[in-house]
Structure formats: C-alpha cells, structure tokens
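In this document, chain identifiers A, B and C correspond to the written order of the chains, with residue numbering beginning at 1 in each.
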Amino acid sequence: MRRFTLIAVPYLWLLALFLVPFLIVLKISLSDYALSIPPYAPTLDFSAGWQGIKDLLSKLDFENYVFLTEDALYWKAYLSSLKIALISTVLTLLVGYPIAYGMARAAPEWRPTLLMLVILPFWTSFLIRVYAWMGILASEGVLYQFLSFLGIVDEPLKILSTNTAVYIGIVYTYLPFMILPIYAALEKMDDSLIEAAEDLGCSRMSAFWLITIPLSKSGIIAGCFLVFIPTIGEFVIPSLLGGSDTLMIGKVLWEEFFSNRDWPVASAVAIILLLILVIPIVLFQRNQQLQREAEG
Amino acid sequence: MRRFSWFNATSLTLGFAFLYLPMVILVIYSFNASKLVTVWAGFSTKWYGELLQNEDFLDAAWVTIRVAFFSSVLATVLGTMAATVLVRAGRFMGRGLFSGMIYAPLVMPEVITGLSLLLLFIGIGLDRGVFTIVLAHTTFAMCYVSVVVSSRLVSFDKSLEEAALDLGCTPFQAFRLVTLPIIAPAVISGWLLAFTLSLDDLVIASFTTGPSATTLPIKIFSAVRLGVSPEINALSTIMISVVTVGVITASILSKRSAVAQQRDEQAAAQATG
Amino acid sequence: MNQKVFAPWDDPNQKPLIQFQNVTKKFGTFTAIDDLSLDIYEREFFALLGPSGCGKTTMMRMLAGFETPTSGTIRLSGQDLGQTAPNKRAVNMMFQSYALFPHLSVWENIAFGLKRESKDKDAIAARVEEMLRLTRLGKFAKRKPHQISGGQRQRVALARSLAKSPKLLLLDEPLGALDKKLREETQFELMDIQEKTGTTFVIVTHDQEEAMTVASRVAVMDEGRLVQVATPADIYEAPNSVYVADFIGDVNIIEGNATPDGDRVRIDWAEGQPAIWGTAQKPVASGERISFAIRPEKVTISKEKPEDRRNLLEGEVIDIAYLGNISTFHVKVGNGQIIKAQSANTRRLANRDITWEDRVWLTFTETAGVLLEG
C-alpha cells in the first residue's frame, strides 16, 4: 500500500501538471483562432460526452502548421535559432575548453576552489547575469569607456542589440555547463597516458591532440549538448541583449502569445520547437548512455 | 607530475575574469551617484535607499520568497519520492512514462513549459496568482530534485538498509532511520536547487501568474527591458551578496566537517595502530 | 675470457650503455637520489629493487626523461642525456598502470610510437604484426584495452614499448597488477622476450623474488643510495650489509663480539651459550661488534645431538610453519632469541618426528653464514 502511494503521488502530479498541459498544447495547436475567451475554437464540450469528443476531433486540422510553413517569419526564426545556438555552442567550447583544461592541470588542492568558482555563478540569478552585460555593452557603456580610455575606439560601440551581444550573453551564462563535463572528463584522465605518448615520440602538442582531446570527447559532446539544447528555446538573452532583427523562436513564441494573443499559432510554434529538440536530446541521451557503458 | 603551464595559468585567469568581471562592474556601478551608466559621479548609496522605499519591489520580493519556499518544499518531498521510485520501486505499470516525465522537463524550453501550464490553468478555470506559480515551479523543480537525489541513491550501499531490515526494521522504518539520514545532504542540495530555480525563474512565472502576483524577476525584467537602471544595479548587488555569502559559508562549513572527519579518522587510526 | 658467462660488468673493456655519474635528485628539500653512480651494460636485465620511497622510480623516470637530475650526469651510449625530451630519447618505458590508450585498439596502441617516426605504412604494419606475434596477441589486435584481460594488457604495454626497438626498455613494476600464478609465468616470458630482442631491460620492482628471477644483476636501494649491486646469487649468498641480508629472503641475524682466529672468527653472542664460529670475508678487529647472518635453510635441525660440530645450539620448538615443500621451525635458544631453521619435507607428514615443544639441536657449518658489520 505504501509502495502504491509512493508511486502514485509523484506520478499523478506529473500527469496532471506535465502531460495533460502538453496534450492541451497539442490540441490547441490543431484548433482555430477565434475572437473569444479562450481565443480558440473548438473547445471540448464535456456535457456532450463521447459525441463531444468526436465533434472535437473532426474539427481539428493542421491549418496552423501550414501557416507556419507559409509565413517566412517562422521558418526563418527556427533557422536563425539553430544558427545562433550552433555558433554560440562552438564559441562556448572554444572559451570553456582551455578553462576546464587549466582546472584539470591545477594542483589538486586548488581544484575544489576552482570548481566552486565555476559553479558559483549558477546560484546567482540568470536574469542579473544577462543584465550585467547591458551596462557593459551599451553604446557608451563600460566597455566603450575602457576601450576609449586605451585609445582603441573613438566612437560609441554598436554591440548591444545585435547578435554579437546575444553570443556574448549565451557564452557567458552557459559557460559552466560546458566547463563542468569537460573538466570531469579531463580530471579523471590518467597522467601516465600523456607520459606514455611522449615516451613513444609525441611532442606535447601532438600528445594533446592525439590523447587529451580524444579522451575528453565524451565531455566535449555532453557540454555542447548542454549548451545547444537550452539555447534554441532561449528567451531572456535575445530579448535583453538582442536587437529587433535578432530572430529566436523563444522570443517569437512569447510575442505570438502575449502580443498577438494567437494561442493556436503559439502552440503550433511550441510543438514544432519540441520536434526540432527531439533530435539533439536523443543524441545527447545516447552519448550519456555510451559513456556510462564505457565506464561501467 | 602534472605540468601547469603558462597557457593553463593564462586561460584560467582570463576565464575567471570573464566570469566575474561583469558582476564586479555591476556591483561597482550600484554605488554610482549618477543615474547614467556612462558617467561616474562619485560614491553613493542612494539607490539602495530608493530601492528600499519602493513598495513594488518589496512586494515582489515577498511574493518571490513565498513562492520559492512553498514550491521548493513541495518539490523536495515529491522529488525525493520520485527518486526513490526511480531507483528502488522496481517494475510497475508505466515506469517508462514516469521516468520520461521526470527527465523531459529538464530539457523542455521554459517557454513551452510556461505556455502549457497556462493553457491548463485557463482550461480548468483556476485563478492565476501565487498558487499557480507554486504549482508550476513545483512541477519543474521536483524533476531537478529527483535527479540530484536519485544520483545519490544509486551509489547508496544497499547493505546498510538490509542490515536495518535484518535488525528488525520495517521497510519504511529502514528508509526513515537509515537511508534518509545518509542521503540527507543530497536532499538538502536538491531543496536549495529548487529554491534557487524558483527565485530565478522569469519565463514560467510570467506565463503562469495573474495580475495579483508579480515576482521579482518579472519586476526586474520589465524594468531593465528599457535599459540599465541604477535601482536594479542595487538590487542585483544585494542578491549577488546574499548568494556569495551563502555559498561561501556552505563551502566553509562542509570543508570544516570534512577536515574534522579526517582528523577523527587519523586519531582513530593512531589509537588503534 | 670465458665467453659463455654473461658478465660485461667484470670486463674492463666493455663500455657501459648507461652511466649514472654522481646523480642527485631533489624534490624541494627531499633528496630522492643521493650522489649515485651506476653503470648498466648492453643486453643486461637490470633490476632496481627496494621498498617504496627508496628512489627506484625516480631513477627510472630520469632515464625516461620525465625528471632531470638536480646535479650529475646520465649518459646513454656515452652521450649526455641532459635535457633531452622524453620523445627524443631512444628509451621507452612500460608504465606500471600500462597507460594503454583507451580510445585506441591493441593494434593502434602498438603502432602509436611507430607512426610518430613517420615510417611508411607497410613498415609500420609489418612491425606491429611482428610485435603481435612476439607477444602472442594476434587474435586481439582489433580489441580495445578494456576488452582484454589483465595479462593481455600487460603484453600490449610490452609490445607497444618494444615496437620502436629502443636501446633501453624501462619497466615500472611490470607485473605488479597480475596475480601470483600469472606473474610467475610472465616473468619467464619477459626473460624470453628480452633474450630474443637483445634489448637492455631495466626493471623497477619491490618484489625481491621477481628481481632474483629475472635479473642478471640486482641493485638494492635504500633512501636514494645503492646499497649493493651484484648478481642475484651474490646478493643472496654474500649480502654486504644487514639491510640487504634482511631485505632479500629470510635470515637469522645473531649479534655478538668477534675474536679473529686464523681465517675463522669466534662470535660470543650470549652469556652461557656456546660461541659461534664463522668465516671472515674481510679482516675483523678483535672485540668488534658484529652480526652473523645465516639463512634458515642452512641451519640443520635434529632431535638427537649431533657429534663433532663446532656450531651447536640447543633450543625448543616454538612454532612450525608448514609450507608444503618445506617446513620452517622457530626455535627458541638459550638467551630467548628465536632462530629459524628450514628442512625440506622429503617424507610424508606423518613420518616426521619434530613437533611443538620438542628439545632440538641446531647446527650449521662454519662457512654457511656471513659476517656483517654492526
């Protein structure tokens, strides 16, 4: 009986507050926009019983999805989200790998402190960390003042409200997600492997490419997915740091819902976004699985 | 023998400068007397004073803390239950769906989670406010808690529980008296995580709240959308300080207990050797 | 000169392959190697033996190039190795952990060093095949390191380090991770491979039996110094110090005052006990404090008092360790000291007559033990 309660309570909670809402989104994405409250039709009429469900099903269609393919805004937003996510993942890897590598090579008594320093920003507000860059990147912001003090620039910067600012924001906020798995992979690597490679004729550089990089591959892959997946649906960074021409699907969905109040289209946008995310998520799961098997 | 090269030192220095400088700058500018970011007009704490007199912010902070408290407690209970189910309950109907529902919210974009919950609340005619935000936050935070707790449960030495059963405990007693105290650190960090996630959340709260309840992130977001504001700098500084002090205290405490444990073990080894 | 005995260290015309000349290595304030000089010759199987922390691993890492001496020089074929990087030395190392690259197959692991020399593909393939044959790994070429057994991994590590035909192969506790039975088999395999390839091997080990079995010469080390460098037989039969005698095999040490008498030495070791007679290897001063070391298997045990023996001790059997092929008797003699005596079990257990608490007689010849200082 206790076992039943133990399973049933979290199970029902998740059914009611995760699965059912998701099915509602799916249903509304197949409905039509209506100038009513709620702003879509048809609605489920429980009083009609089985007939009501049949009626409902017969009225659902893929009109919204067709609309998404016809309006260039949407597929451009999807493509642009993927592009931004991809570029910022690569940038994060380039910034994060040397840091993780440096941490793994630091003296053992320093590593817990370094690790804490990487994790600490996690606990501070995401919103504040993004906001911090607004003051720095603003046209006459801190960065401009610093650079003009050095005499490098003489006219206000044009970084804020561009995609560059979005990349900086993503690299900054998602950096720990990249560092941690790479560090974990590098840290447990046996030093004698590098010595063996050097003993067999490798220079330090080639030992790095032939041994260190391949052995941290699982960490690199995990880090990339951990950055790439959430970045696609990112909303806060493009809306604070991006400009009007920064097109990301999370922002489009938000505006579709709150500004245009077109719930069916917003729902369809969400469903397509999920379908796009399924591929990297499945690949990520596979990578984690392979890694566990290799370690077990 | 690890060789810590100049390259390593440089990349660590630059890396941590990149991670911390923006926040340091934010803190410095919160003491700027001028309203403009561009001009440093001397040291002043006036923005802190204005912040503390701003009723809206104080209300929002109170709402946020209440939401974070209730949702993190609920999420910890539900998440620990879910973790136990995942690791210990063995086979049952719909196990695949269950673990899917635990892991899916972790990768679900916040905009979709928020949208779907809002549509649910409208569908069943629930008045939106603190209560609906708590429900929403509990749902996604419990998944994080269950991941944290289940990773600890997986490495838990089952023979401890079996020893308790052998000594006459019921399974429930064994869990309460043996398992729970041992996994407590994981449960606590799960709770902390849930609390911070709730404090931090903008997107889901924006979808699931109503006119009656505005959380701090929503308030901050609407204030900074238009540009940098010195009051927000002051607020950010307070939030950063609280987190920094908290995390450093926690790490010192855990280090101390680790050192104490090590010392005890050494003393014990000497006593027996 | 006798060509059959391999003893280049006795031939003044031989040039050593490796020369340590007054090498000192310090880590901070800790001196790992203390002003050490040593010659190792071509085709030798040389063992560095000592407890952990004695500096043997540091010696090996200096040869491989992972550490450089604080002072002194190390020469390979007469040339100063100096600061030569590990990847530029004709020295290869087999690591204690094997350090097999987990992401590469057995074949790729063995080919790894060859590929660094930018040889052509066919030459590499031929050499890898040769190494696979030598170490009987042909069947496992395509497997990854985690898909083969510990013994096979050990052979991959050996093949990989031998593939480049180094002048010198270093083996760091090569058999440490194997169980006893496999270790014994592998020792002979190592000797066999060493002989076939003609490579000079330097092995580091803390296992004295292993060193005795495989090595042509053994260097016993303690606290960064060489205590004795000699063939296994000399180390065992003629240790130069109590430390070496005690470290290698089982030994009884009897301390006493020496009185020289011709080529014999009388040792008074306990009041009321008959003196012991030994043979001096070098002059001993009268009244010098001396240790007499004798191996248990050189002590004869009997129930009847033997006649005409100069070295004769009476005692009581305290303990018997039955090891199958031999038995070790712990005998308490007059002053309470325990002397160990071994006898081969040539008869079945039931036919043997010495048991616990028996009064017994211990004898040994005047040349059976060695006299050591201190």
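Please note the rule applied: contacts are C-beta pairs under 8 Å (C-beta built on N, C-alpha and C of every residue); 3 or more make two chains touch, one makes a residue touch a chain.
All values derive from a computational prediction rather than experimental measurement.
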{"item": "Most remote chain, CA-based centroid, reference being chain A", "value": "C"}
{"item": "Interface ranked first by C-beta contact pairs", "value": "A-B"}
{"item": "Cα-centroid distance, chain A relative to chain B, in whole angstrom", "value": "18"}
{"item": "Centre distance in Å when chain A and chain C are each reduced to the mean of their C-alpha atoms", "value": "60"}
{"item": "Interface hub residues of chain B, defined as touching at least two other chains", "value": "1"}
{"item": "Interface hub residues of chain C, defined as touching at least two other chains", "value": "66"}
{"item": "Residue numbers of chain A (touch at least two other chains)", "value": "none"}
{"item": "Residues of chain A that touch chain C when the two form their complex", "value": "190, 192-193, 195-203, 206, 210-211, 214-215, 217, 294"}
{"item": "In the complex with chain B, residue positions of chain A that touch it", "value": "2-3, 6-7, 9-11, 13-15, 17-22, 24-25, 28, 38, 95-96, 98-99, 101-103, 105-107, 112, 114, 116-118, 120-129, 131-136, 138, 140-142, 145, 172, 175, 191, 229-230, 232-236, 239-240, 250, 253-254, 257, 263, 266-267, 270, 273-274, 277, 281, 284"}
{"item": "Partner chain A, residues of chain C touching it in the complex", "value": "64-66, 85-87, 91-93, 95-97, 99, 101-103, 112-113, 116-117, 146, 160-161, 164"}
{"item": "For the chain B and chain A complex, residues of the former touching the latter", "value": "1-5, 7-9, 11-12, 15-16, 18-20, 22-23, 25-26, 29, 37-38, 78-79, 81-82, 84-85, 89, 92, 94, 97-98, 101-102, 104-105, 107-112, 115-117, 119-120, 122-123, 135-136, 138-139, 142, 146, 171-172, 196, 199-200, 202-203, 207, 217, 220-221, 224-225, 227-228, 232-233, 236, 239-240, 243-244, 246-247, 251, 255"}
